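Read through the structure below, which is laid out as structure tokens, and then see the notes.
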Amino acid sequence: MTTSKYAQISQLAVSFAAPQVLLVEFNKPHKINAVDAKTWRDYARIFAIASTDPDVNAIVVAGQGERGFCAGLDLKDTEGFNEISGQATEPSRKAIKSRAHIREFQEAIKSAYDCPKPVIGVAHGISIGLAMDILTNVDIRLAAADTKFSVREIAIGMAADIGTLQQLPRLVGSHSWVREIVFTGRFFGADEALKQGLVSYVYPTAAAAKEAAIKLATQLAQYSPVGLQGAKESLNYAAEHTLEDGLKQIAAYNSFALQTDFYEGISATLEKRKARYEKL
Amino acid sequence: MTTSKYAQISQLAVSFAAPQVLLVEFNKPHKINAVDAKTWRDYARIFAIASTDPDVNAIVVAGQGERGFCAGLDLKDTEGFNEISGQATEPSRKAIKSRAHIREFQEAIKSAYDCPKPVIGVAHGISIGLAMDILTNVDIRLAAADTKFSVREIAIGMAADIGTLQQLPRLVGSHSWVREIVFTGRFFGADEALKQGLVSYVYPTAAAAKEAAIKLATQLAQYSPVGLQGAKESLNYAAEHTLEDGLKQIAAYNSFALQTDFYEGISATLEKRKARYEKL
Amino acid sequence: MTTSKYAQISQLAVSFAAPQVLLVEFNKPHKINAVDAKTWRDYARIFAIASTDPDVNAIVVAGQGERGFCAGLDLKDTEGFNEISGQATEPSRKAIKSRAHIREFQEAIKSAYDCPKPVIGVAHGISIGLAMDILTNVDIRLAAADTKFSVREIAIGMAADIGTLQQLPRLVGSHSWVREIVFTGRFFGADEALKQGLVSYVYPTAAAAKEAAIKLATQLAQYSPVGLQGAKESLNYAAEHTLEDGLKQIAAYNSFALQTDFYEGISATLEKRKARYEKL
Amino acid sequence: MTTSKYAQISQLAVSFAAPQVLLVEFNKPHKINAVDAKTWRDYARIFAIASTDPDVNAIVVAGQGERGFCAGLDLKDTEGFNEISGQATEPSRKAIKSRAHIREFQEAIKSAYDCPKPVIGVAHGISIGLAMDILTNVDIRLAAADTKFSVREIAIGMAADIGTLQQLPRLVGSHSWVREIVFTGRFFGADEALKQGLVSYVYPTAAAAKEAAIKLATQLAQYSPVGLQGAKESLNYAAEHTLEDGLKQIAAYNSFALQTDFYEGISATLEKRKARYEKL
Amino acid sequence: MTTSKYAQISQLAVSFAAPQVLLVEFNKPHKINAVDAKTWRDYARIFAIASTDPDVNAIVVAGQGERGFCAGLDLKDTEGFNEISGQATEPSRKAIKSRAHIREFQEAIKSAYDCPKPVIGVAHGISIGLAMDILTNVDIRLAAADTKFSVREIAIGMAADIGTLQQLPRLVGSHSWVREIVFTGRFFGADEALKQGLVSYVYPTAAAAKEAAIKLATQLAQYSPVGLQGAKESLNYAAEHTLEDGLKQIAAYNSFALQTDFYEGISATLEKRKARYEKL
Amino acid sequence: MTTSKYAQISQLAVSFAAPQVLLVEFNKPHKINAVDAKTWRDYARIFAIASTDPDVNAIVVAGQGERGFCAGLDLKDTEGFNEISGQATEPSRKAIKSRAHIREFQEAIKSAYDCPKPVIGVAHGISIGLAMDILTNVDIRLAAADTKFSVREIAIGMAADIGTLQQLPRLVGSHSWVREIVFTGRFFGADEALKQGLVSYVYPTAAAAKEAAIKLATQLAQYSPVGLQGAKESLNYAAEHTLEDGLKQIAAYNSFALQTDFYEGISATLEKRKARYEKL
């Protein structure tokens, strides 16, 4: 259980919060964890490694500092902006390069969603713009009572483009609310997020929310990785396919997945002991 | 209005609770209605018959006994388990046969969803594992106050594979909640289910819930079967297709469906009398 | 900012409620705004014009009169009914013509959904049948406390066919509720609609709801039309496509959309002034 | 059988070549039928009218003059080009307006494909650029021996955008050939088109090809419009949907379509007489 | 290797033409194998049994008698026609029942396509109408030189509805040809079918074609059933899904399928002996 | 125009065959270019670099040596095989790891298909198994007269899993032929491949085929990269989407792509000079 695999990561804090539980933290509190291009590339790298790291069975994403989880894209990241506009001087090539940059950015943030292991996000304080993209790409969301969410992009003349518009409508029930939130860019608090189903629980402080996330992740981490990853894979898959295709997918997965951990799971239940599952 | 068509069913109780209202009950209360292979095959048979039985216009699914609606798959069903593993001794054929078995099982439970007529499910007491698959495949869910739901599979080292992972995210608003429920396998009660939109109403007792379900079904049963089946067909279809395709589907259906019952419906309304619709 | 473009519209009231905010009102209060074929054709024409009218950046749809937003299809519209049945005397051609009529009707009501600009609907009093089709095709729904909603069609022997069955399940969280509402055709009030996420806010009176809608639209109207239309396009697109396709769509859009208003938006924010966006 | 319905068409020649057979001809031979914006708008209008004109049961599209069917877009159409670039002076709005223009253009050319009645295209001489878009949107293609086809766009620095890239790969067997043709923009003759399956027959002259097309259309025109339109609808639908969905579509269509013409068709066959079908 | 499993089949001839090769023959040569409802129900039953019969690894479908493979639907099958029209006396219920009948008929004919094992069809003489539906639902088509094919339905006033319109365009390259064939209903011979890619080989006589089919099936039957069924499953799946989904499907299948027969296959190749695969 | 960017590639030969034309060659002729895991990983790396290398506008893939283009997977690649089976000792984890390995392998071979630039493949001599996966993932295929193709996998007890089963049916017209080729694994020559549309041209020798490929690539390389990449993107996109979605995609692309090279292309045409396009 070592973070040495993550040695190349310089822009975020990576640690084990508990056995099999990886804690990934944005750690630039002086700028409320505003994200530059280096940081989101590191974010993607962490999930690439964690996805096949047998020491990781569940992941928590949080932000360090009191002021908030993340204040969005770092607007002072000249390097990132240069990449977008590139050296292209005419609109065609500028657009083609810009599109490629957005695609890479989207895939980086989506790496939490694509990661086969459950990911829990913890929001607190300022959680706007890119923070919404990050949070709508994790599996389970917890929030501190002081969280101020906002799909902020419309306020700077643009449509959000790193995942919120695609993920948010799938995550909550009221699309009238989603469109109001997106079209106005207004702030909303933890209680409203809870009522709308965006977050599962609200805690009095950021610390309490983070602690709860780690506790939840620790519970998940004890389960069969074959079962856990199968469940996440099916949920992700079902969101993109017909019911029939979804059923076929899990049938194919369980046709082999049931050959091992299921027997250990049943045995442990009957013998009233904790199940022991091999790492994956 | 006779159950003679269902004479071949030996594993569940089938009766008419009201004119045009079929009541289907799991009736092995001594094992909290745990389901073996014979039972889910009979379950499928009932819906196959009811789907074209002109005497049936709405269906209620419930479980007999005080302890619960259904305790999931009957883990002591050696026959069912033998079928899964089969005689195959090597992993390829084992997996292929196991996959076919899961597919058959899924289709059996999904037969309530595929049935052209509205199906109301009544949960009470223990309602876990396969019970969730059964309940997420009916149209409307009612619950008794004592219901204990759980997507239990992760606790035995596996991902649920008979429909819950595919249906549940479509039925409720909060996907953060869905993933928490699926990844932890924790129990949740009727009130939480109501708050999350999984069930429509909670009743003080199992008997009250069942009575309410029959009353609701009786109301539905008086409507035009052409209209009712058209509505269910459209809702099911819309869940798998684009908006445009969904609109085309109901337009095709109503292009002929409006040629009859619609006129009777309008007339009855204008004449302030009860409409009389031919059976279907 | 003139309504002269809408001069050909005779069946609804069209006006500017605020700069860039178009107010579209059903104005046949004597029949609770029941809609005949002429009216829904005019409704479609309004949105066709408004979609490319640079003077319009947000739209409000409401109904005049105290009794309600809309009592549904005008059952006394003999012209509309003749169109459906046509001169055809045999079932094949009758069905083909009827199908074409329903398709045209669907597209007319869907024109609010297809309009690239945000549309806010205001419900009050009687809001049943076709009113549900109209309301489920706008972006954000507000309601007066006295609203009585109903997916009324089953009561006249038919399945709703102008959009409700396709849109409603996408707009709210509880599908158990959706199916109950559709299969029973029962009335439900503003509070229930709010709780289920169908509407975003409830106001004490119709006037207050309309005023709030105009205020909200006025807020939206000040934002970049490039950003606003991009956001609506993405939300609509995401509802029909995979996550991956949705991400590609907004990346393509923003590859050029970010070349202008985004810079004005950022500048205005840094300079703490109101952004000025060119019309679109 | 009169063309008075088409009186508003000024840019193409519209006539009845035979009973129920509409002949649509590009008639600007002095510029080899190069197409300007007015012309493709008229082209769309013709199909809009013909789609519901009971006097039309099959359609032939051809080009007048010796030099060719069509030399593509009229590059001297300043009006059309102004529309594209519009008054917009900055890249965002320019792109948005340009996109809308392309979409309208695509839909105009696709109106032959969307038309419920069979359309036969006749190629001869120069048939390049937009000619390919037009021809790949009809149902059956015939060619004169002198035809010179080319997906010409790459030669002027662009990707074809009015339908060829979407339709062509569906129409022929060899995708290696399609990509070669598209990437090189090279010319190919009628024999190569025949060998690749792009056209069904080659005739010695343009006149012979047109005559054959009219003869074929005349044959089709005698069949049941219910059957003919059902067949085209199914072929178009199947191209966009799964096999299962395709089967359901024709089952829904024939559930009413078989109630009339089918009986006339059978009777006529048994009685060895020509069937008489009502117009549609 | 016994046909006792097929004892219930009375309407077709079922035999083993070679080890693991099932021969299914229409055997009503006196009416050129015209198919009534009893026969297509038996046809479906054969494939249901053969799909899981470990003694069957490949299937040949042919027609007995000199006059042809199949003259289509038996128009004198009053029982089948009664089923369609049913007892329903009004157009709504008539259409709903008729639709269900067509769907059942489609699924019966599609059972060859859905069968996990390769199916080879042999055409000769008259092969029209339903014969086309049957043949387009098998994997590989061989023909005798005297075959006369026709998508005959348009000649009796209807669109083909048992699979041809959905399958045929996927099987051959030239869609111009497909639409000509479908819209005209004209006859075409074995050579034209070969040239268009509809059949793989043409043989001088029906007997020679059947012999070749059996020989080909015998070759297939010696291969690994795990490999063979995996290949057919993937080809069928790929036809309905995106490239990415197709790749995922075969990856899931081979993740277990490679654990057994692949090693036997490699070993046999290296040891230059015939591989021995367990039945499936 | 330097290959220094490709310095890390050790398993294949990378060179510039002409300005803007990258030549990628399998260069292990002593084992007929059989591919091990290191090689296909390098293959993927080449396309990753070339995709954004402004010096590359078209790519040729070929195999060195007289004996053939590629003899498939290197069955002696113990490293690759160890990766598949991994250290896992039980069937669940073995299958999960194996599946991930196949997925990575598929994506590597598909990188030619995903590359935004046109790729031409040259087959000669032995071209079997994995060679088919490689070739079906390029855009245009040329062949030497001595080529022996085979979808060889069934002969070693498995279904092909690196792309052939997904791509091949999309590339040629006759699906009867595809299934015969896949189910039998038989060899077929260049002429048959040409007749079936799998390859575009056949040349007398491998050298002549390679020369023709380079000449063709050189022609493509002179065109606008914006136009060329737009065309390939549209063709790839159209293969996965509905017609309507395909049209929208190219409309979005050309909304900006037409702002530059199109004007240069037109100008050059009118001025009868060679167009000069900026690199991309």
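We call the chains A, B, C, D, E and F, going by the order they appear; numbering starts again at 1 in every chain.
One rule holds for everything that comes next: contacts are C-beta pairs under 8 Å (C-beta built on N, C-alpha and C of every residue); 3 or more make two chains touch, one makes a residue touch a chain.
Keep in mind that this is a model prediction, so the values were computed, not measured.
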Residue-number overlap at the chain A/chain B interface, same or different (half cut): different
Between A-E and E-F, the pair with more C-beta contacts: E-F
Copy-to-copy rotation for chain D and chain E - C-alpha atoms, rounded to a multiple of 5°: 120
Recurring contact interface, reference D-F, options B-C, A-F or A-E [over half identical by residue number]: B-C
Gap in Å, rounded to a whole number, between the CA centres of chain F and chain C: 48
Separation of mean Cα positions, chain C and chain A [Å, integer]: 33
Approximate Å spacing (C-alpha centroids) for the pair chain C, chain D: 35
Shared-contact residues (touching 2 or more other chains) in chain E: 91, 95-96, 172-174, 196-197, 226, 239, 252-253, 255-259, 261
Touching residues (chain side chain E, partner chain A) in the complex: 241, 245, 249, 252-253, 255-256
Chain E-facing residues of chain B, complex: 52, 90-93, 95-96, 100, 226, 229, 256-261, 278, 280
Residue numbers on chain B that touch chain C, as the complex places them: 118, 139-141, 170-174, 196-200, 216, 219-220, 223-224, 226-228, 230-235, 238-239, 242-243, 246-248, 250-259, 261-266, 268-269, 275, 277
In the complex, chain C residues that touch chain B: 75, 84, 91, 94-96, 98-99, 102-103, 106, 110, 113, 153-161, 163, 165-167, 169, 172-180, 182-185, 196-197, 239-240
